[in-house]
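Two complexes, one shared chain (subunit A), two partners (subunit B, subunit C).
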Partner chain A sequence: MSSTQKSKFKLNRRNFLKTAAGTGAVVGAGMLAGQGLAIPSFARTQDRHSLVEESAEEVVNTFCGVCSANCAMKAYVKDGRVVHLAGNPYDLAAGDPFNPEEEGGRLCVKGHCAIKTLYDPDRLKKPLRRTNPEKGKGVDPQFEEIEWEEAIEEAAKGLNKAIEEYGPETFLVLNRSHDYSVRLGKAVGTPNFVTHHSTCFTTQEAVWSAMVTGGGRPWTYDVENSNYILSFGWDGLGKGKNMQVRNVTRALENGAKLVVLDPYQSITATKAHEWFPIKPGTDLAFCLAMIHVIVKEELYDEEFVNNYTYGFEELQEFAEEYNPEWAAEKTGIDREDIVRIAREFAQNPPAHIPSHKRDAAGPNYANSTKLAQAILILNSLVGTIDRRGGTLLGNNPGGMPGFDDLFPPPEFPEAVEQRIDGWEKNNPFLSPFRGNFATLPYGILNEDPYPVKAALVRRYNTMSFPDHNKFLEAMASLDFIVTCEIYPSEMAYMSDIVLPEPHWLESSGFGDRGYHSLYPQLAVRLPADDLNEYDEYDTKGFGGIITQLAEAMGYGEYFEGVDSAKLREEQLNALGTSWDELANSEHGIWEDETQKEYEPATEFNTPSGRIELYATRFEEEGFDPLPHWKPRREEPGEEYPYNFLISRPAIHKMTQTQNNPLAMEMYPENHATMHVELGQELGIEDGDEVYVESRAARIKLKAKLIEGIRKDCVKVMHGFGHWSKSQTVAYQQGANDGDLIPHMSVEEQLELNDPGMGACMTDFGVKVYKA
Partner chain B sequence: MPKVNDPAMLVDQSLCVGCDACTVACKLIYDLPWGVNHTKIDTIETGTFPDVSMNNKKRACQHCKDASCVAACPTGACHKNDMDLTVINNDICIECNYCVTNCPFGAIRFNRSTGHIAKCTMCASRIEEGRQPFCAEVCTSRIIKFGERDEMLRKGLERAEKLREQGYEEARVYGEREMGGLRVISVLSDSPEKYELPVDPQLSAGLKLWKSLPLTPAILVVAGVLLGFNYFKSQKVQDKLKEVQKSKK
Partner chain C sequence: MGFNRDSTTFLYYLFSRLFANKTTRNDLQEIVEIIKNAPVDDNELLQKIQNYFEKSLNTGEITAITREYTRLFHLPQGVNPYESVYRGQEPLVKQDPWVEVRKFYRERGWYIEQQANLEDHVAVELSFMGHLLAEGENKDARDFFLQHLGRWALELMKDISQNRHADFYGVVSGHCLSFLEKEKEYYEAF
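Presenting the complex of A and B:
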């Protein structure tokens, strides 16, 4: 019968794949070119194939590389292909080591989809050289495949030419801080290391650094044990993150109350007991009134405030003027509700306000840093800083030697202090390796303070930058760009040389528990597949690429003796284990049995040794020690009458997953989401094509009319609008929200006098009209 | 876990965040093409601003006791297995799609790429081996539970009671008696209408009549002819396919 015939045909192809995987050199190139590497198909009528645990020939311990949560996972391999990813039950992030058997391991939807990225036929397979000298949006680079040797040589030549002509500071290192690229940049002598953090969480980082930690911010939200969760735009349930979803749903199951303030009915808001569609950019006023009520009515946790905080008297005096009537007027929320929520928050311990990244306290508004400050004060008043039911400072393994400890470099040349993004002028609370995405195009295009003409980029997309078109203009003005990527992304399309990296499911290493470090734990990453077994693929790890590039550029001495395997081994030895032990352990997990009990901090890394409600460090640097009310930067006005909101769907990771066919089937494009009545007012129907326009640009996308959003707001999901034709699934699906965000000059940013200044500020107005 | 005798799933829809982790994991493991799902989360918005509710519903086979699809199936391809789970034997399916159109939950699909009916079996094979269905295994928010129906029902009723205490007045269990009792017990925080679920659905009189008619022998003859036709046609297609493959080589 036809069904059997079909499954036989499948079976043959599977066997073929297996042979191909085994022999490596003998590869069905035709098949690969035609349809990419297929995950083996199961005979479709055979339900028994769902028994992956029984039928897998290998289960590989690894951890997820989609986001920084690092969820440990088990990769099920069948016929040489990864067919299923499961959360590791013994991992803090993905599982529940206190109850592994019953709770099992879980992953978020992005983790499950990752298999389709690994085997995506659109992935970069070989080094590419640009043959079209013209650069810009929509321009085909006309890549040709070249061999590694040639690619490295050309990359080195191109970068060196610019460095010789303009000086070392012309070299821009654009990636997440990585030991190898930081060393190369320092060896060249550039101060220009720019990461994406200014688009992400600089507000929270500055506030935590000044008031609690002395550097860095925590990520572990123990809201599972909260009794009352209050959110200012925080959408933990809507982003799908494993531990956040688990912890909030557990809290709700245990009867916790959830209250959400958000102009848009986020997923978290749909699960909340109360949702207040607050006026965008006024969350700070709500928080200040809460502080006012809690202080005035003496509802705070006296024990915690007296023993662990500093500056309560100053706070008392400060909060006097911010009464609920004032906040009601600012926020559009009834005075009674503000008072009631302040009381509920203080009287239902443990209560907590989690704030992760780009919620209202993330770098969205000119007053977001102050909001982050106010939230930290509120959480301190109810005693949930580093206490169960609150945000925990986390406990990661310590005492491991670093890259520089183990491989001390020869002396670096001195770099100029001035940076192309002006970062050195205003950010004593953030690492010098952060940088600013918003001011970068301004600096490059105006050659202020000097020309930047060469860049080394790793896995950053142009679409992640505010004012995308301006950024493209800036990148096009560079003489030479080298990009390391797994996809032919938009950044790759702007580059002269593109170097392919392996997918994380092909890599090895170990990682700590990014977003849920209750106690020191590490998970191993072992390769679950290796596509380099096929002739088509020739990828290289980033460390290896940089080492070769450095040598070709003439900086080889800085990488002499550098060895990733040695680093890994020495780091694990410092913890009393070894690579072999970790790699061969059943669940790929290392943990410190003696530290499983959480020890709450009694002293904090601030001048007073306490949590500083009155931030003396801010004061020293000329910033506001208390979060005095400050409005957002731009209110919507006559020309641009609506507030602009950005969010992200649970199934996509920023701009990285739009070529994943599975993720795209579930969520294929973004929309201009607005209220039904606003649509009617503007003559727009659901599904109509519309323009959303800001003072920076306009984008065209479909309208979606809903009830769960304020009538003065337009919301767009991030990640869409790819224009690289080589990403065949993502190409031209939806539009890029970042086009609308204006870039900034360094002076404009300095005027804001904001210690946690961010890059993707969305406090500007937009207008909407039919296309 | 020991093998469950009277299998049921408990889906706490009140806590479903709609992330589609279950949808995706199911699609991967059963290798379902674009647009075909055994389970999928529907989001239903009701009310007007600011009193809006957005409910997530896991749309999948509910494994009804009085199953419309089983009643509608003319060949017996859609049937109850020995655990009372509704499954399809595609070898004798004539692709008439009666099950698809008669499902009160919109949970059965026709998979064009295989010419097969696609529906959730509650991972029957996994249950046989003493494992959980895949969706229960992967659910990020852990709101899909699996076990004996009595226990699932009890847990569901407890949870609904808790929700009512929290002020969700319309909270209830769905599936205790609907369609003679479902094997997927849902906890709703609101009325079934707010989830676009049929209120008090029952096997229709028409289907009851259809089922009681002594047509089976006649249908089997017709089905036999159709299957024969199907077989010869598929042979032709296969021959052609081989020819094409040969010519490509």
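Presenting the complex of A and C:
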């Protein structure tokens, strides 16, 4: 016998019957511990106190999964649980590998809060099956727990039924592009891989693709080396992203000037030298006038413009009409300030306008893509495209084999071209594996061009969609929905089968430095905890789920030989390292020492090999090669007189963190934020319940009256208004801004002639009144 | 005054089983048989439980029990049957009470053979009480009840009874509550 002595309780019922005259209650335990009636079973150690453990402490290298920055972190594990997370000083995103000891590591508040999500008792633990056929907002799905085998079988059956009866195109894959789900979708033969990107950054991506990169947009802002930072709604401090906060604060410490144009006084605006509450949707006019001044007064970086840009002559001619007087009228900002800022911007190198996702050049207005275009031109005129102090093209590890390289699939069936969100009518500047959330409800509800009957969803919340109520109506019309999630989210509540995934602190892998790739660097993710050690938790990674689902659906041949560990190993081997080496390295970091010295690009992936101020690729596709003025789609009017603004608090990540008790302690609900004078005018006091109403819907929330916002605006923070009762902390806290955003038909989208396919997230008016 | 200690041990095991896993019709039938054959003295509470289970089996109420279990114990609109959630600084799993429970098991010379549930799940703590009593570790049982189980599980049982989704488990938790209340009386006077 080992050092432990088995207790005598493990009798089953059969044993009990044989020993019924035994010692009563002791046998009772054995009886109940029979097959299918297991109770937690204890065994005695040989000697009392023999297994008393010292508090075990361990530091695990991992990286954050809250946002795409992938900040590397150290997870401190004590007594079998994660007790603290800290930024890895050797990481480009969370630390400073050039000076790790002195600078240390940092995490944003969202990263620090992640432990509370890991240990949230509301997390999904087992696969769930819906038993209530009725679907909709507030409808209880009446889930029951099922085993994985049954869940996969039922998911496969439900999806296949739709595919076989109505055709492969009626199967919707609704998640961020992922090797496994893309392969499954292709194997089925659907063209419908729909993602959220039209609500996020396609406006900027299209511009960068056409004018600089030939595909995709960079995310590395070297503003810590900027001397002049100009922001059009960019709230690098207020969004709390680690490297952006660090870069802006360092720039300010170094004496840089920060100027912010934003209708709302964001956190960044509160730290700025100057804040201009610009009229919403007119940032383009301001930029055009800046171009006018810089070109006319020959303030541009001649060396950069001459050597690295194309189309300056066309730009000169174009800029002539956009004088500062014109822009002053559009923007509500004095002509003198426009001229002064244009001059300061050009005469304080390096100067830069950073733009990251949902700032003014994000998909907020019908003219946002043009604003992104104008910003890129301005940054080119002052020579801060892929130059220190500007936006860098990024340098992630190259040469790694991809999923399809290592595991080449059999031939896929041909899919119909038309998509349910109209994305095939898109342009070459955006990946086909993006999508349009704004047009999806229209397509589904109008069966245009065909019906959608089933969906495979991963970690998209229904609240992320414009016109949330219309989207719910669309999803409720589907026959079958399978959702992979870690929370009983609103999308889970609309689903027929819910498949639980582990938290990222329980996962393994590696990642590049998403938002700060100054040179090639990877960080490892090792599991800091694993609740699957307990039978009551039974989660599976997404790749494993899709492989099993594909097998059950009859597409197993597409996943034969697919092995995520092999992929990981081969990719690392291509860089001259291995999983073992990375996993066992002290700081969990791999980097290419030979590329630490920054080398600016001298050629760009455009037809001319230069940054195209005159975008020939746009011209070829029938879009405007220069950002001629275009107004927003819907000006506020008589019925809906106020501009609607959306922002996101530093504490929260979209709709994902509202069940986190720590995050909610810091930021428990959103408000209808408006100027004190607007409140007085409307008879609204701070804290009053109000309705904010658009032509799509109305929401009820508390008013917050402040000085730092234009008097013609109402702002609502995103992420609140959860209606799934299974998220006990988030439930009914605040309201969902997405309810107010009108959806679009594909035709309406195409009429905008916007190469960025922006969802016009705030391009409409609202009214506000006391509830 | 507590229950007869043999019956008590059996009841700890029985409640542990009921809260540890889903209960199917077959499971319930088997449990009824086990109760009938349990070599323990007549016990009023055990009889009540047996009667209720038999009634449930006969009236067809049993069909919804597995669904009710999911809603109560695996979905957040139910209850969180962990000492950590009830007694921790924040309502999360794996907080300080979980560490303390594990330490108690280790220090008193026990380990869990299979990690079916978190160590401070009510089913594990109930089972542990049963094991201690069965082994005659009465002082440890008293310590564990007063330091752990007795400090939160009564509140859990009330929460289950009051949960709008509770039907079968509402009755079970009601019985468990009356059992634990008597146990509390017993150990406080121990």
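Assume the second predicted complex is superposed on the first by the 714 of 771 C-alpha atoms of A that agree within 3 Å, B and C clash if a C-alpha of one lies under 4 Å from a C-alpha of the other, contacts with A are read in each partner's own complex, and residues count from 1 in each chain.
The definition used in the following text is that a residue touches a chain if its C-beta (ideal position, glycine included) is under 8 Å from a C-beta of that chain, and two chains touch if they have at least 3 such contacts.
This structure is a prediction, so every number in the text was calculated from the model and none was measured.
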First, second, both or neither for A:Ser726, with subunit B first and subunit C second: second
First, second, both or neither for A:Glu103, with subunit B first and subunit C second: first
First (subunit B), second (subunit C), both or neither touched by A:Gly240: first
First, second, both or neither for A:Arg81, with subunit B first and subunit C second: second
Subunit B versus subunit C as contact partner of A:Asp563, first or second or both or neither: neither
Partner chain(s) touched by A:Asp624 [first = subunit B, second = subunit C, both, neither]: neither
Contacts of A:Glu551 with subunit B and subunit C, given as first, second, both or neither: neither
First, second, both or neither for A:Thr270, with subunit B first and subunit C second: first
Which of subunit B and subunit C A:Pro661 touches, first, second, both or neither: both
Subunit B and subunit C contact sites that coincide on subunit A, given as residue numbers: 6, 39, 41-42, 44-45, 47-53, 661-662
Partner subunit C, residues of subunit A touching it in the complex: 4, 6-7, 9-10, 13, 16-17, 20-29, 31-32, 34, 36-45, 47-53, 79-81, 116, 119-122, 125-126, 128, 131, 142-145, 488, 529, 531, 533-536, 661-662, 725-728
Residue ranges of subunit B in contact with subunit A within the complex: 12, 15, 17-21, 23-25, 27-31, 34-35, 45, 47-50, 52-56, 87, 90-91, 111, 114-116, 121, 123-126, 129, 131, 134, 137-143, 159, 162, 166-167, 227, 230-231, 233-234, 237-238
List of subunit C residues in touch with subunit A within their complex: 5-10, 13-14, 16-17, 20-22, 24, 26-27, 30-31, 33-34, 37-40, 66-67, 69-71, 74-77, 80, 82, 85, 90-95, 98-99, 102-103, 105-118, 121, 123-124, 127-128, 130-131, 133-135
Contacting residues of subunit A [partner subunit B, same complex]: 1-3, 5-6, 39, 41-42, 44-45, 47-54, 83-84, 86-87, 103-104, 106-109, 112-113, 115, 237-238, 240, 242, 245-246, 249-250, 252-253, 255, 265, 267, 270-271, 273, 275-277, 650-651, 661-662, 665-666, 675, 677, 706-711
